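Just so it is clear, A, B, C, D and E label the chains in written order, and each chain counts residues from 1 on its own.
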Amino acid sequence: MSDAAGRWALEIDGLDVHYGRVHALRGLTLTVGEGEIIALLGNNGAGKTSTLATVSGVVRSTGGTVRAFGRDITKAKPWEIVGAGLVHVPEGRRIFSRLTVHENLQLGGYLVSDKTVVSRRIDEVYTLLPRLAERRNQHGGNLSGGEQQMLAVGRALVAKPKLLMLDEPSMGLAPLVVAQIMKLIRQINADGTSVLLVEQNARAALKIAHRAYVVENGVITLQGPARELARDSRVVEAYLGA
Amino acid sequence: SGGGEKSDDGPIVLGMLTPLSGSSSAIGPYMKNAAQLAVDEINAKGGVNGRKLELKVEDEACDAKSATAGANKLVTAGVKISVGGYCSGATLPTLPIFEKAGVPMLIPAANSNELVAQHKKNVFLINGTGAQQSDAALKFMKKVGATKVALMDDNTSYSKDIADTTAKLLTGSPALAGRESVTAGESDYGANVNAILKGQPDFIYWTGYYQEGGLIIRQLRQAGYKGNVMVADGSVDQKLVDIAGPEAAEGVFATMTQTPETIQGAEKWIADYKSKFGADPGPYSTQAYDAVRVAAEAVGKAGSTDGDAVIKALEGIDGFQLFSGPLKFTPEHTLSSGGFQILVVENGKIVLKDTLQ
Amino acid sequence: MSTRESVPLLRVQDLHLDFGGVKAVDGLTFQVYEDDVLSLVGPNGAGKTSAFNCITGFYKPTGGSITLHGTDITRLRPSAIAARGMSRTFQNLRLFGELTVLDNVRAGMHLRLRQNALDALLHTPRFRRTEREATDEANRWLDFVGLRGDRGGLARNLPYGEQRRVEIARALACGPKVLLLDEPAAGLNYGEKGELLDLLQRISGLGIAIVLIEHDMDLVMQVSRRVVVLNFGREIADGTPDEVRRDSAVIEAYLGRDDDEEDEEMMSHE
Amino acid sequence: MTTNLATSPARARALFDRIQQNRYLGLVGLAVALLAPFITATNYALSVMTSALLFVMLAVGLNIVVGYCGLLDLGYAAFFAIGAYVSGILATRYGWPLLATVPVVIVAAVVAGIVIGGPTLRLRSDYLAIVTLGFGEIIRITANNLTITGGPSGIYGIPGIMLLGVDLSGPVGLYYTCVVVVALAVLGAARLGRSRLGRAWRFIREDEDAAEAMGINTYRVKLAAYIGGAIWGGLAGILFGAQLSAISPPSFTFLWSALILMAVVLGGMGSTPGVVLGAIFISVLPELLREAADYRYFVFGILLIIVMIFRRQGLWPARAVERQSRRDRRRAEEQDVRKAEEVVP
Amino acid sequence: MTQLLWNGLFVGSFYALVALGYTMVYGIIRLLNFAHGDLYMLGAFVGFGVLSVAGGLATGLGFVALLIVMVIAMLVTGTAGLVLERVAYRPLRGAPRLSVLITAVGASFALEYGMRLAAGPNPEVYPVRLAGDPVNLLGARITVQQASLILIAILLMAGLQWLVMGTETGRAMRAISQDPTAALYMGINVDAVIARTFFIGSALAGAAGVMAGGYYGKIDFLMGFIIGLKAFTAAVIGGIGNIKGAMLGGLALGLLESFGTAWVGGQWRDVFAFGFLIVFLTLRPTGILGERVTERV
């Protein structure tokens, strides 16, 4: 078990998700302790994105429960879930392409009622990711792929989440920036945010995670402390390489 | 075709196409009610040839497709005489349908010259034609000493038809001082008013309907126009005055066949209508009423509902009293005298001004 | 071989692209030869995708020229460029999501299907034959890229990695001489990257030149013959993978120093 | 891995899929159309059915533009008007038999398609919608204002169709003429939709840029869709003139364009059986509601909402998935073992 | 000349007002809301109903009465818009874009013919009329009422512009218009924001309806059709989803019609206006203020 405080940030229990005829999640069970970074690994189509999207309330589960910070959010609306402090950086970035970089960041703080706090946090993001500051008045859609990814992460930070869920944040980033982002995640975590990290870059993910899960065909097949999994031969073979 | 020839003592079915939907749908109920009034009156007196009359009404929607479907439906329902037709454009394609079914048509309202130009032997117009209306208009223009006449229409078949025939008459004095077509259904005719006033007319003749007519009169006055305004029969409705506002409408003339309001002794008819339907009769209620009566008369004279016999009887009618005067069809099957007279708005009411006799 | 090498298949000469103030591409020059596997790398926003967009006709460059097989294609529309033997994939997948996987691949064959409207209306034998051939070939390309998912199903329902394969199959179906791939390994895990590497080598084996944009250095190092490094729209290095890897400017701007990584390793949690 | 696919909704869906893919479906539809007059053959029923057929033809034509190619066209009645007027004018003013006007109408429709499509197809959908709407209005107003088109009263006395000395102008003759023509039109549109060109239309609908990247000259292919739609509309116009014997500008208003579009969407964009069904629905429903008199269009409106809520993809949506024939599947399996070198680009 | 200009601007500001609501709704859910013009009609009838009930009381107060009535009508049409969204549009969230067009046309029919059932097919005349004596300004006849109506229109537009561009809600609206799912990830209550947009857009249409009723006097159940079409046109030429654009589009359309009538006559006016628009759009394919983003590939 983890060394984190006794409470769970997220408890997913027996989650089922169907897309029409496709049974994408089959009783998936997973927990994120408060203060933990959890890595979720798996092949394409294993159900990682589906897991996050269901937690966010964007996809409806067909069975199982989701609890966040002790509260049942299985049937909650997406905005209630964000309101509860669960923020999701979606796969494929989903930047508002015809809003400026700055406006995108402001939307990150949509549920924060004190707007001075929002602008302070935006400034913090600008210091963390100076590239965004340079492009603050450019349309999100005109950013390069990597810049968009930075914006997506930055946008989530403005919400100051209690649990941050990231879906492949390193996708499309230059190696240097991947390192930066991972560092950033660790920093956010150190400031008290729990993290659920979906990554194809397993090496980078396992490096910063406390614990990790491997999902295959919609069920968890492996779990354990990140360092142990990093040595597990099955993980090495499939996700890490020599 | 036909189909409903069940027995010779069942009711004689009359069919009416009239707009019940679309932008002219205000008229439909007037025509329908008035026709029903006539049917009920005749039935109360024992019907025709010992048979009752029955009225079937279909929506014409002022649209060709709706009208043809409606006409076919009426024919299928065994209609013997058609007493409907309001929009010329929608009525035109129904002519061959009724013709093939051997059904005579007494068209109460639609009056485009195109209806006449086809020379269909089953088609009779109860309303004065555009040409007759133009003649009346010109007569009156001369009478009031108009020198520069401007014409405004709404781009529909009926309206443009009158404007065109009137324009042809305006060669010497009065002279044509401009023409303008508006788009029906809008609210602001300021631009059209502007354009028409460029020619500095002293007499403006609006040949469209009252909805736009009321607005145009009002906007003409607001633009400072002080000359005469006259409207054609499509605009004769109390609503014209309401829309224009009583001050603006005051003194506006109209070319119109006789209306219940202008006919001596028609008060009783109005009262009957009102008590039956709880509303005042509106435009084309008299014509619809008359169409039913003429139909009954012709069937009575012919002694049968056979199409050709009825047509013969219709052609033979002479002096049958209509609201618009004694009836006698011309060889073209139009009214021999259009029966047009001039009305005027006086103290907010439309009253008879001049019979042009 | 050597004569071929001297005549480049694709030549990009002093390419410029400005967006208002932003110089997305700023004097880029490179050549691609037959059988080449050229990687274009560089920091995010360096102008790699923009360069692709210019080369394939989606952006009109503000300066410079592009020639393919010796003919100037700088101002042609994308379809005309594709017709001359260059096809591409997109950084953000651009599959026809509401169409079937097979139809997606048939899109690539559009240019080569000899069939007209009359054939279609009358269902002539030629129509039947070409349709059959199209299906066969589409299936072959899907086999080639190793697609596992349902070919008759909607493309958007495939998992991400599979969608990447379909996009490559679609580009291959165009019958290109030069294939431009924009970050094909993004979103793939280790095992899948291995399959991609194999796929790239097989494509190369078909005699198709590949230009690759990629941030995954392992893949770049293993597959490329040459690597061009961009920064701020300009070339900062050009050479074999090994040369580029050791280039200090590249390390500074793009790769980062190794000790950075070690640093992190040590910081792992207790 | 033990999902039971034999659950009843799945089986129903599979059955539906099979019906949808049935190649005899068209024949069944044709048989229904041919036999309908034996059930009821009053003039009224025939005229409603003929109108429905014309509507089917229009909807199928518009489906090429909107359903296949994804171009929002709010002025489709324009092509319908062009067909009706060109043939009407030639038939009444110059005494041509209606059949002889067909080639001229086709040429006119193609020209009109190019004139409006040429300069404006570069526009993205909503701007294109306005341009087409404007084009529709321009055509109607022009017809309303010119003398050759008969002004606001239009053209009347259009003769019926004569074929090899057989008079087809009666309600029955006309109906069967329409059945044949419309059946061919539906078949033609469906076949085009399943061809190389039809696929290209759909690629453009899905993603224009990606289509370009595949070597599809999107401009030319879109123009082809436009021209196709125009031809279908123009031909329907001829039949319309033959049916009503009179045509006038109010028959070609924006409302008409909107109704045709509704038939396409209501039926299921891009789906031939769907569009046919949608057209029948849109054209017959108001007739069925004649009895509701004053409530007619009120009920019609409410019904449209209800239908759409329950079938958001349309009454009969386009078939999304493609089932590989057994031969294809077997071959695919064989090919799995073979090696990739055999693939020739 | 100035008269033409003034006419065009006056009519155009009506178009603009209706176009604003249109463009808002369009902007957020890409719905060609064919029922929008009918909400304008509804507003006019609500105003009429209130004025008739209030009777002589209102007639005396004139302009002020109209303002009060306008607020009531805005509330009613706004609510109607909400209901419409809830009943006819929300169930189709996520459906193909054109599917919603059908329910919009259905709603349009239902509103038009529902009103016909309720109020009859005859046009009605407002008991309060804004006439007023014109003053001559640079050769144009201008009434105080006209000027005030334009002023109200401008104020409403300015408020809207501020709402959409300057507030959190506006930002949320724009976000939803681009990617509703991503908006969910931001914690935006998408349903609520869309509903709010409908309320505002519909209320604006209602306001325009009352203004038209009070100024022109005549209302009828089909009065929304043409203006709905014009609003759509105006919204598009202005650059869809763009508030300022809708305003400019409305004014441009008004001016085009005004000058078109003067130059080529009323019967060719629409040919002129549409012809101009087509040429304009071919040259500037994203409307007056539509953003010219190079679509990224």
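Keep in mind that, in the parts below, a residue touches a chain if its C-beta (ideal position, glycine included) is under 8 Å from a C-beta of that chain, and two chains touch if they have at least 3 such contacts.
Here's who's who by UniProt: A = Amino acid/amide ABC transporter ATP-binding protein 2, HAAT family; C = Branched-chain amino acid transport system ATP-binding protein; D, E = Branched-chain amino acid transport system permease protein.
Only a predicted model underlies this, so the values are computations on that prediction, with no experimental measurement involved.
Path length between chain B and chain E in the chain contact graph, taken as the least number of steps between touching chains: 1.
When every chain is reduced to the mean of its CA atoms, the largest separation from chain E belongs to C. Inter-chain centre distance (chain A to chain E, centres taken as mean C-alpha positions): 43 Å.
With centres taken as mean Cα positions, chain C sits 73 Å from chain B. We define each chain's centre as the mean of its Cα atoms; on that basis chain A and chain D are separated by 47 Å.
Taking each chain's centre as the average of its CA atoms, chain A and chain B sit 74 Å apart.
Multi-chain contact residues of chain C (touching two or more other chains): 19, 49, 58, 90, 94. Among the residues of chain E, those touching two or more other chains are numbered 113, 116, 267, 270, 294, 297.
Within chain B, residues 21, 155 each touch two or more of the remaining chains.
Contacts from chain C toward chain A in the complex involve residues 19, 22, 42-46, 49, 91-92, 149, 157-162, 183, 186-192, 194, 215, 217-218, 253-256, 260-261, 264-265, 267-270.
Listing the residues of chain E that touch chain A in their complex gives 168, 171-172, 174-175, 178-179, 181-190, 291, 293-294, 296. Against chain B, in their complex, chain D makes its touches with residues 42-48, 51, 144-145, 150-154, 156-157, 171, 243-251, 286-287, 290, 293-294, 296-297.
Contact residues on chain C toward chain D in their complex (touch as defined above): 56-58, 77-80, 82-83, 87-88, 90, 94-100, 102-103, 106-108, 110-111, 113, 115, 117, 119-121, 123, 127, 130-131, 134-136, 139-141, 143-144, 150-154, 170-176, 202, 205-206, 208. For chain B in complex with chain D, the touching residues are 1, 3, 20-21, 58-59, 62-66, 68-70, 72-73, 75-77, 88-90, 92-93, 95-97, 101, 112, 114, 118, 155-157, 159-161.
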